[in-house]
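Two complexes, one shared chain (chain A), two partners (chain B, chain C).
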Partner chain A sequence: MMSDRLRAFSGQIIAVSVALLMGAIIIILVGESPVHVLMTLLRGAFGDQEKIAGTLLQTTPILICGVAACIGLRGGMFNVGIEGQLFLGGFAAAWVGFTFSLPAGIHTLAALALAVVAGAAWVAIPAFFRARYNTNEVVSTILSNYIAVLLTSYLTIFLFKRPGGWSETPPILATAYLPEIFSFSRLNWGLFIGLLLAVGVALIFRYTSWGYGVTMVGSAPKFAEYGGVNVKRQGFVVLLLSGAVGGLAGGIETLGVHHRFMEGFAPGFGFDGLIAALLANGSPVATIVTALFFGALRSGSLLLEVDTSASREIITVIQALIILSVSAQVLIRRRGDSQAGERRWKF
Partner chain B sequence: MVSNAPGSPTLHNTAAMAVELTAITKRFGAFIANDGIDLAVRRGEIHAIIGENGAGKTTLMNILFGLLQPDEGSIRLNGEATDVTDPAAAIKAGLGMVHQHFKLVPSLSVADNVFLGMEIRRHGLIDHAAQIARTHELSKRFGLHVDPTERVGLLSVGIEQRIEILKVLVRGARTIILDEPTAVLTPQESRELFQTLRSFVAEGMTVIFISHHLEEVMEVSDTVTVLRNGKKVATRPTSELSKDELVRMMVGRDVSFARRPRAELQGEVILQVKDLWARDDRRLPALRNASFTVRAGEVVGIAGVAGNGQTELAEVLAGLRPASHGEAWLKGQNLTALSPAAIREAGLAHVPGDRMVRGVDGNATIAANTLMGRQHRAPWSRGGVLDWKAIGQNAGALIKRFDIRARGASDTVKRLSGGNIQKVVLAREFTNSADFLLIDQPTRGVDIGAQEAIHDEIMRQRAAGRAILLISVQLDELAALTDRILVMFNGRIMGEVAGDDADEDRIGMMMAGVSPQLEPA
Partner chain C sequence: MEVLDKLVNVALIAATLRTTAPILLVALGGSFTTKAGIFNIGLEGQMLVGAFFAVIGSIWTGSAFAGVACGVAAALVFALAFAVLVVTFRANEVVVGLALNILAGGMTISLMKAIFGTRGSIVGHGIVGLPKVQIPGAQALLGSWAPLISGFTPIVYVSFVAVPLLVLFYNRTRLGLYIRVVGEKPEAAEALGISITRVRYIASLLCGLLAGLAGAHLSLGYITMFTENMSSGRGFMAVAILIFSNGDPLKVLAGCLLFGFADAFSLRLQTFGFPSYLVLTVPYVVALTALFALSYRARPTIIKETLASMQKLLSVDRNSAPADRNPQ
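Moving on, here comes the complex of A and B:
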């Protein structure tokens, strides 16, 4: 008899394989060789040390957003608003970076702290309505994304625009930079923060009383309620923490990579993070692997248009196929759970 | 398709029996859900099938409707031997089933839902006008008031049920099975449903009606079949039955437990309940004016047919449901003002009736399940950090002490048998050093061997001076274990009998709502 964990793992592997196979068929249909595309992708992602650093640079925000999603999933909350929290966190960090002048290190910490607060504050609205009125957090967090993206655009263009052509804020002071790891890449300490966060969150869920209660709220809410866990409060707290980490992801992206806030500065990292977390079954440590996978796809795709006749949009198609097959796989696995089916139906 | 609608001429069949089931047996693993059941339903009658939860009612109807295949036995519909391989075959034979859980598309209109999968077409397009007209006509004819153009997502459960019934009618059903139809209805809606059912039989149709509510069965049915533990007890005309006869057939007289010997050791009052009221999920009063006490070293039983307020009482005492009025004092603290966590802190241990939903997380390990409720307490947790080694060792010790048949503390709970899952719950709750034990249906779905072990453990807790409230639908269990038995009916405590004098006739009368001659205590 296979253990549940093994079954879930093999299910994900099968789902990804099916998606890649379908991707290969599409590549053949557009008249390219799948093998050639795969080799180009691998070369683009891992070909030399600069490419590897580029892949890790893409991996960092996906990983941190993925950890944010994992926190929500553990407590049974679907935070689909990480993208918005990332934008607000990114803006908040930039604002601290170009407005204040503080000693190095302290400036970085202050900017990251405000990014965390901004992310948490942004999700606090849907979280409050969820806890108080049981509104569906999926819908409200999705909607909050649009407001966040447009709000930061507004702030950038109308209130804090740098003189000149681009829609971006003034650059942050060098004292607020996250240090870079190599001289040849913008890869920065954000990666270490992400790795520490993934391992730390996993340990907190496994080894603290609080983590135990939250995990039970996510997997068996009525049992948790019976055992004295305050289900509503923990749901609120979990969403808040998830949003805080989402904000942190934006802050790290601003302080480590762009050194300013630009309109549309981080397209899709929040959503990629959510997918990475789902693919990892909500395990923060497994999210390290899945985030790397998505980071490599993103970074490898840069070479696609140069070296092959396939468009780099093919990567978006493959990602979409992965989402579809992973969701299908989860549904098939829970087919026996009619209650889950009914919940989905009513939704 | 439309020509199959009720009232229009279909297959002429003059057989007197709409449904005949012979010696139906269905096993799920070692569990026998239906054990050689015979059932004959006359054409044109309302036939109620009554029994406690788990008596096998739904399984039997699922077999009749082709959702399950029997291991043994045969089915005749309208006098002809029929192999009901799937619901499509059942529908073709003129059967229709309204399930407990509705399957409607919320974004479509009522008429679109009714005709889903068998749309009326005109020039290849859906003829909405005809569908609406037909839905309207049927709903008027049978008193199933709906607005065919309204969207289903906006409607109440009661109306959703009417739509389900219309779906069945449109598909040409002449024999309609309803699985616990009143469970989701208000009393007013139930009365309207009964009117509809009577209009069906007035048109020569047949109704099979599953329920565990005596009142309804007495009110609406012509014939009653009682099931108990997967077996048929009897089929009788409703007019020849009284309510307490029906109760006794449902709960049974079979005594499988001897009364446990005990020493008198009644101590101080641990739980005092005063004028307690509560509402059910439909916001209707379900617990009415309950007052009683439980002392240390005493087992007080709550008897009653399921659904007469016992669940609500247990949930209020555990803090899982608000009281609408009244008080419950546990060692000087008013429970109605406390959270579930605070009530546990005040000295409650709770074995919930709905074991798989409330009692465990089936996907978690035994060790993780034994931690619930004490995850903030030493020695399992120090400074908020869990000591999984200690938790695992403790779980291992509990597995030994409570004789839980598992490979080890890291076994997933859902892999265990029902009895062993219940032992996991008991092991956790009975070792919390709580003064008050609230135990709801401790042996439901548990095999005989494990039942004895669970009873042993309850008596051990009594001997240790715990105050115990034992809710059970099994009279023999109450007679074996309790010092006093309170009988509930329709949310009220009808009366009290001594545990060593558990006269089944008297308890049965009270369970059926007849007041005892003596003053209730």
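Moving on, here comes the complex of A and C:
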């Protein structure tokens, strides 16, 4: 058991190293020195306390989106629409933040609650059709991302634009802010919410019969159905919960960091979360580590853009290479086992 | 009536054909993988690298057709990577497809920054667009309807000619039959001695070929520039079409015309002062609605199939039950 896990872990490390090597080659092709890029990334991610706080700030939405993806993956559902749920949740939280005036604390909770509802509502239609008529959820959630981004832009610019502002809503009231942890950074309680969520979801999967049922549906749906699990309803609930957590990620980003909703406020966090969850093999606790890794990459890439001629999207390339080499490592490790690749990412 | 005349006219139909071409090509490409039993969500990325390298090739060589070749070559590399990982390594096709899409997005932006030092888009720099084909005699024959058959770039013609060719390919050629068998009954294919691996590789590469052409059309035909993520979900819409058409070329054509029309119509609406953000959602909303509506319609067949398989299962059980009781 333990050696199995150890082997899985070392396999992951090898895959990441191979991807980094390929990334280094691409960096050379782009005309930069890999060592310089790596040092810049490290300096940008961990250079001083502000940089470290910045890394954690980037980690927060990736972690929460990663947990959202984990919930889906465990239940055998690819929620690729986390990006859209994040945008809807972010807008919903901002709307509560600038429309109502409530006592501090309650205001934050109300805004987060609506963010959760918005995220769940946004995935409800694809989830319904996936559960009832087996409509491919990958395609429907991807397409709904495009609509979500355009819809929130429309709401922001045509209905709720800050007078005199560019493409952003009015700022939310201070009563709805998520408290900041340090004075020198926008790092906020959202990080703690994310960590609690990751551990909580892991415990639910490990110790509750509901969590066991979800994992069972994800790994062996026929067996689960035979065992008395209502597979369809559970698939629906799993996607809904995943969407709700995606919406929460958006709400936390709005209330903790930007204090308003603006066009394109959190690009790519949903996809980063999905990749982090895949790299963590669908384990919420391991997602903490992978989210931190991607958060550091993202944070470091900001300095990369300033200090080198390379584009910050180079880290997107590295992330994609990591996932590709992780998916390929199975064959290298178990040449004889032709089923190994199919088993990976069937939780 | 006047408004309707302004909205729906020859120019709109011609625009529909122009917007249909890229999505039709990429969907026809995807029909190879769909028929071969591979769920290929990586179409979007193949299209994007096709568009980017078509522009690069066009700038370097000064020839639009060499540019198209470059775009197709790049898409083929992505298709090959997809095939290696999915067919040989048997990795999860959704994960690999999504990762390749993300790779395509990051790579094109990084390379754009490295080569041109800019973000956002490549305009000018000596990009040579595809020439428009004027069909001789079209004007004399059709008068004001001539724009319906004349004045498109060559890739538009290729995309529409490809539909009947693909129908023939699937029904009349050995390879087409092999692809279908591999997709529908892999066990049967194996029993016949068909190499599933080889057929799936061929299907993936044919898919990359058409996806690359579709991308080249976006950046050299439709408009003459490259912008970040310019495929803007067309690859995903193609996958939606493939799901409800099951990769049949004629159904693919019908679905693509619907999206092409939605695309052209939404562009037209924009000029009437509708908020552009809402108008831009139209193609995606149409895609989702079609996907949901058609999966709802497919429901009776699913139920019938389930019943049939259950009956089979039960009858098998009944036959085998006595045998179980009397173990020989």
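Heads up, the rule we're going with is that the second predicted complex is superposed on the first by the 312 of 347 C-alpha atoms of A that agree within 3 Å, B and C clash if a C-alpha of one lies under 4 Å from a C-alpha of the other, contacts with A are read in each partner's own complex, and residues count from 1 in each chain.
Criterion: a residue touches a chain if its C-beta (ideal position, glycine included) is under 8 Å from a C-beta of that chain, and two chains touch if they have at least 3 such contacts.
Fair warning: this is a prediction, and the values are worked out from it, not measured in the lab.
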item	value
Partner chain(s) touched by A:Val229 [first = chain B, second = chain C, both, neither]	first
Chain B or chain C, by number of chain A residues touched	C
Partner chain in contact with A:Asp48 - chain B first, chain C second, else both or neither	neither
Chain B versus chain C as contact partner of A:Ala220, first or second or both or neither	first
Chain B versus chain C as contact partner of A:Tyr212, first or second or both or neither	first
Chain B versus chain C as contact partner of A:Ile142, first or second or both or neither	second
Residues of chain A at both interfaces, chain B in one complex, chain C in the other	338, 342, 346
Contacting residues of chain B [partner chain A, same complex]	101, 106, 318, 320, 339-344, 350, 352, 354, 357-364, 368, 371-373, 375-376, 381, 384-386, 388, 412
Chain C residues within the chain A interface of the complex	39, 41, 81, 84-85, 88-92, 94-96, 98-100, 102-103, 105-107, 109-114, 117, 119, 232-233, 236-237, 239-240, 243, 275, 277-278, 280-281, 284-285, 287-288, 291-292, 295-296, 298-299, 302
In the complex, chain A residues that touch chain B	4, 206-213, 216, 219-220, 222-230, 338, 342, 346
In the complex, chain A residues that touch chain C	26, 29-31, 78, 80, 125, 129, 133-136, 138-140, 142-144, 146-147, 150-151, 153-154, 157-158, 271, 274-275, 278, 309-311, 313-317, 319-321, 323-324, 327-328, 330-331, 338-342, 344-346
